[in-house]
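The next block holds one structure in the form of structure tokens; read it before the comments.
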Amino acid sequence: MTSTGSTSTGSTATGSTTTSSSGPRAVTAQWGIDEWFVVVLARTIRDAEVVFHGFASPCAQVAMHVARRTHAPGSLLVEGATYAVDPMPGFVPPTSNDLALHRDAVYRMRFEEFFDAACRGDVDRMFLSGGQIDAYGNTNVTAIGGMPTPKIKLGGGGGGANISATIGALTLWTTRHRSGRTLVESVDFLTDLGHVTPAGSRAQLGYTGGGPQWLVTELGVFDFTPGGRARLTATFPDVTVPDVERATRFDLIVADDLAFVPEPTLEELGAVRAVDPLGVRRLEFGPEERGRKFRGQATTAR
Amino acid sequence: MTSTGSTSTGSTATGSTTTSSSGPRAVTAQWGIDEWFVVVLARTIRDAEVVFHGFASPCAQVAMHVARRTHAPGSLLVEGATYAVDPMPGFVPPTSNDLALHRDAVYRMRFEEFFDAACRGDVDRMFLSGGQIDAYGNTNVTAIGGMPTPKIKLGGGGGGANISATIGALTLWTTRHRSGRTLVESVDFLTDLGHVTPAGSRAQLGYTGGGPQWLVTELGVFDFTPGGRARLTATFPDVTVPDVERATRFDLIVADDLAFVPEPTLEELGAVRAVDPLGVRRLEFGPEERGRKFRGQATTAR
Amino acid sequence: MTTFQLGTDKRTTLADAVARVPDGATVALGGGLSARLPMALVRELVRQGRRGLRVVGSAHGMDVDLLVAVGAVAVSEESYVGFEQDLGLAPAFRRAAENGTLEVRESSCVTILAQLRAAEMGVPFLPVRGLKGTDLLGLHPEYARVTCPFTGEELVAVPALSPDVALIHAPLGDAGGNLHLDQPYVLDERFAHAARLVLATVERIAPTADVAGAGVTVPAHRVAAVVEAPFGAHPSSCYPLYAYDRGHLAEYVKAAATGGDALRAYLDRYVRPGEEAYRDLLDGGRLTSWTASEQQWMELFR
Amino acid sequence: MTTFQLGTDKRTTLADAVARVPDGATVALGGGLSARLPMALVRELVRQGRRGLRVVGSAHGMDVDLLVAVGAVAVSEESYVGFEQDLGLAPAFRRAAENGTLEVRESSCVTILAQLRAAEMGVPFLPVRGLKGTDLLGLHPEYARVTCPFTGEELVAVPALSPDVALIHAPLGDAGGNLHLDQPYVLDERFAHAARLVLATVERIAPTADVAGAGVTVPAHRVAAVVEAPFGAHPSSCYPLYAYDRGHLAEYVKAAATGGDALRAYLDRYVRPGEEAYRDLLDGGRLTSWTASEQQWMELFR
């Protein structure tokens, strides 16, 4: 597996594959960081989980459909903003409350039905991002510079401030780690709950949800220590630990068994491309990241 | 107008009418106590009110439809137990949760939608009955002899214990006044709220609903004094004040201007018979009452 | 962990479904009054000799009465149990309440709704309107008071209620457990979301597309087992299929009121032999004839 | 007195309907993100120069941003305002928040839902999950704490919220105000029941039978005025009629981000001349072409 570096202008990674000489089921494949990133998010979903993404989250949205079409066919997917259950959209539009996201769904929850389920603990996993994320996985989607005098007013948190307390596990993600402004020592405004807040830990606050389990960035993957701090467990192969250190404003903990992120399988890449023909996942990546292309001996199963 | 006394065996009052010599719009009509009783209940409904009856209440149920077909066409009727809005049933079945009661309804409330509306004050009037009713209009539909050791366990109160606190006005009724066991000094169990309870008045309890406005019995009609006690304002013409006194276990207050209950109009009688071809209203009357028949020069309008 | 039921084929036998209801369980019975009662499930509870149940809900009829008649119920927390004005008081229920073998913690519609909503919303309590001043409070030492932090008003607080099992009968369902109901849903939606386990019978198991076309009222992910049980609500109605069986209900009420051998004879004839034998005893054609004309429909209630 | 609207013909003009929204009103906007936003009503608010509004709801887009752009909004209590990853931050909203001319009391979906539910249920407060530990609390000094009388747990208590006005756009309605919506309803049902006054626009006013056939989502008795406004949600989507107008939204976002003359030009072209002129500027055929094929649908998002 080789990183091909930032050579693309951000156009679609077509991911042409050819038969490899190493065996009938190993082929040379190409993929972009956007595809790999989505696959890594998808892999955080376990089979038979109830999973949800919020609006304005193309990577998480595509990832959930990829998981259902690959390793987690028994998961139950609630499409954010339509609350359709297990739809099979033909494409993912760039807006989350769209009829295209209902396709083939037998049932659509009501708004309150979803949020009630999330509040009572019936949702196993939610994807959450943030303009800022701290070491405990607290996120800020409200305002850079804080409130009431924001430097940048972000959109807002939807329902995260409630349901991040009660959902089984959270997969956090950002595609803006390299900026150095995203993984911060302390969020300017705490919108969604990580493991420990200035007001106390989840246990102290009486929260039943498990909190952040994974933090996936365009540089690598973090899990969380028993104390609730993010710990780097893997990097993409074109990223070094000093790269991650430079981009991270909190004290970086690195796992002893730090590894490279496992490569995507052909099925996974195929699923990403089938789910997202419009490439809305790429809306989350800056132009400097979109050029990251990779090639490897992909196999038909992980 | 003449009372024909208890001569019938309880068969349907056919209400045949003939043209009277006194004018083209006054005719001789016959009606039974069941019909008149329902008409009196109907007249407690004002036009443009939102009205509701509970289940197991055939007289109130028929009365609401009579009101909508006569003097209160602008009222909004919520059919108890189906929560259908303004249906036009072809007949009233003897069970309240029946599809026959939905006919022509454009909308059916959900269970919770109705009760929420009632709790927030959007229902103007409810009909309530009781195995016992005291002078303040508190009712017992739970147990004669009280709980936990009832002499007679009644069915129970449905939602009355909540919404009798918040609904605009209550029309109470009973068809068992004459028994001497219904209008009591003190209810054995307080299920639904009158004007004053042992725990305090409605104002002291913080309740926004107006409480009992009328109490209609097979003997006569009561309103309520400013202090919240029932006051006899009219009797049926075959009933005397001593009859009412004998049947009433609380101190009887009689209005200075005590009158006879106004006669039903032809339209009202026609509406009763059209709404209730099965005569379910008669299920509420004992055989000794069903025989009460009346005849008069009914007019085409009140 | 979610309580969602993620399987795709939940078809089973009545015996196996009901085996999941333990002695002493808190059981929510679907439907209301004499409509869409889960009678096949109730009869199977009788056949399996279940004991010590706590039944919770709003206004019910033969479902509760039959369970009480065989001694299956320790506590009733319904808002009403009876046969309305048509067939009167619930004979087994009243007898057991009067002789002290049944504890009646009578509830009210709004209160039970609030308790289910609390469970559904994942909060430990909710405030409710009314109740203060009524004697229902005396039956519920578990209720408390809460002062509104904004208005200073004191309200009754009721604890969240998650029934151990909800038993629901629907006219239509699929193998995965998607259920279509016609209105009124009564509390079935709330039961389905608040209960730990939902067991359903349906008149007919149909392809998912048919159920989706009719409209999914209770989604598959809330249903643990689905059993095809034609006439599974009989003798209560299950529109659009069949009406209320007045004759059968009267037969039951008489047997239950008489008790002893009469009740045993009813059970031996209708309950012990099982559902197939039960259906053989019915005149289903008569009950489904309501669609022929309004006149014919009305005849079913004479 | 009920807040139900008992009239039978509530058709009026957009100008007369919007005249019922006073300066300073608390306004709930229907729909969500870029779907079924009540844009014709919003444009009329702009034309009438409304000021000092407090907007409340969940996740919104151009509806709020346009009102903020013209200075109509004093307070935003939405859970999100933006154009998702597609078109990014809400330009007028963020500018006004950053320069202090807009007070953003950011809310969250579950919290605003609980406040509406409290109003709908007629209770002065409800407890909610989460929020503790987040900085949203700092934006809401009006929230309080409540201790569960059963578990001892401390929860956030939020006050009931009855919007002065709810503005709802529906694909179909009748003259009486019955509205049919397609899912997701977002908060429109809750707004309709919790608000003091509901003003609706519909793509088409149809006979009641047609609306009943499609299914009544918001009943006539909750709707005070109904206005036929084709393309009344544009440039947001109103399925099943038309999709998201990505080009128009991008044009708006650019104008609003630039501000000054660019914004004035947008308003002069699209808003000031009125709805008829607005519709003349649209390529409605393109937006309704989504039904032709999935490919064509997808093209609308490129």
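First chain written, first letter: the chains are A, B, C and D, and each begins at residue 1.
The working rule: a contact is a pair of C-beta atoms (placed from the backbone, for glycine too) under 8 Å apart; a residue touches a chain by one contact, two chains touch by 3 or more.
Fair warning: this is a prediction, and the values are worked out from it, not measured in the lab.
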item: Higher-contact pair (C-beta pairs counted), B-D versus B-C; value: B-C
item: Distance between the centres, which are taken as Cα means, of chain D and chain B, whole angstrom; value: 43
item: Length of the line joining the C-alpha centres of chain B and chain C, rounded to whole Å; value: 29
item: Distance from the mean Cα position of chain B to that of chain A, given in whole angstrom; value: 63
item: Centroid spacing, where centroids are CA-atom means, of chain C and chain D in whole angstrom; value: 39
item: Of all residues in chain A, the ones touching two or more other chains; value: 119, 166
item: Set of chain C residues in contact with two or more other chains; value: 121-123, 128-129, 153
item: Pairwise touch network: line, ring, star, complete, or other; value: other
item: Interchain pairs in contact, sorted by label; value: A-C, A-D, B-C, B-D, C-D
item: Contact set on chain C toward chain B in their complex; value: 31-35, 58-59, 78-82, 84-86, 89-90, 93-94, 97-98, 100, 103-104, 106, 108-111, 113, 117, 128-136, 138-139, 153-154, 182-187, 189-190, 237, 239-240, 243-244, 246, 294, 297-298, 301-302
item: For the chain B and chain D complex, residues of the former touching the latter; value: 48-50, 74-76, 85, 106-107, 109, 113, 116-117, 119-124, 166, 168
item: Complex contact set, residues of chain C against chain A; value: 1-4, 6, 119-123, 178, 193, 208, 211-212, 216, 219-221
item: Residues on chain A engaged by chain D in the complex (per definition of touch); value: 55-58, 81-83, 90-91, 93-100, 102, 108, 110-112, 115, 118-119, 142-143, 146-166, 189-193, 197-200, 205-207, 277-278, 280, 283-284
item: Residue numbers on chain D that touch chain C, as the complex places them; value: 121-129, 142, 144-146, 148-151, 153, 155, 157, 159
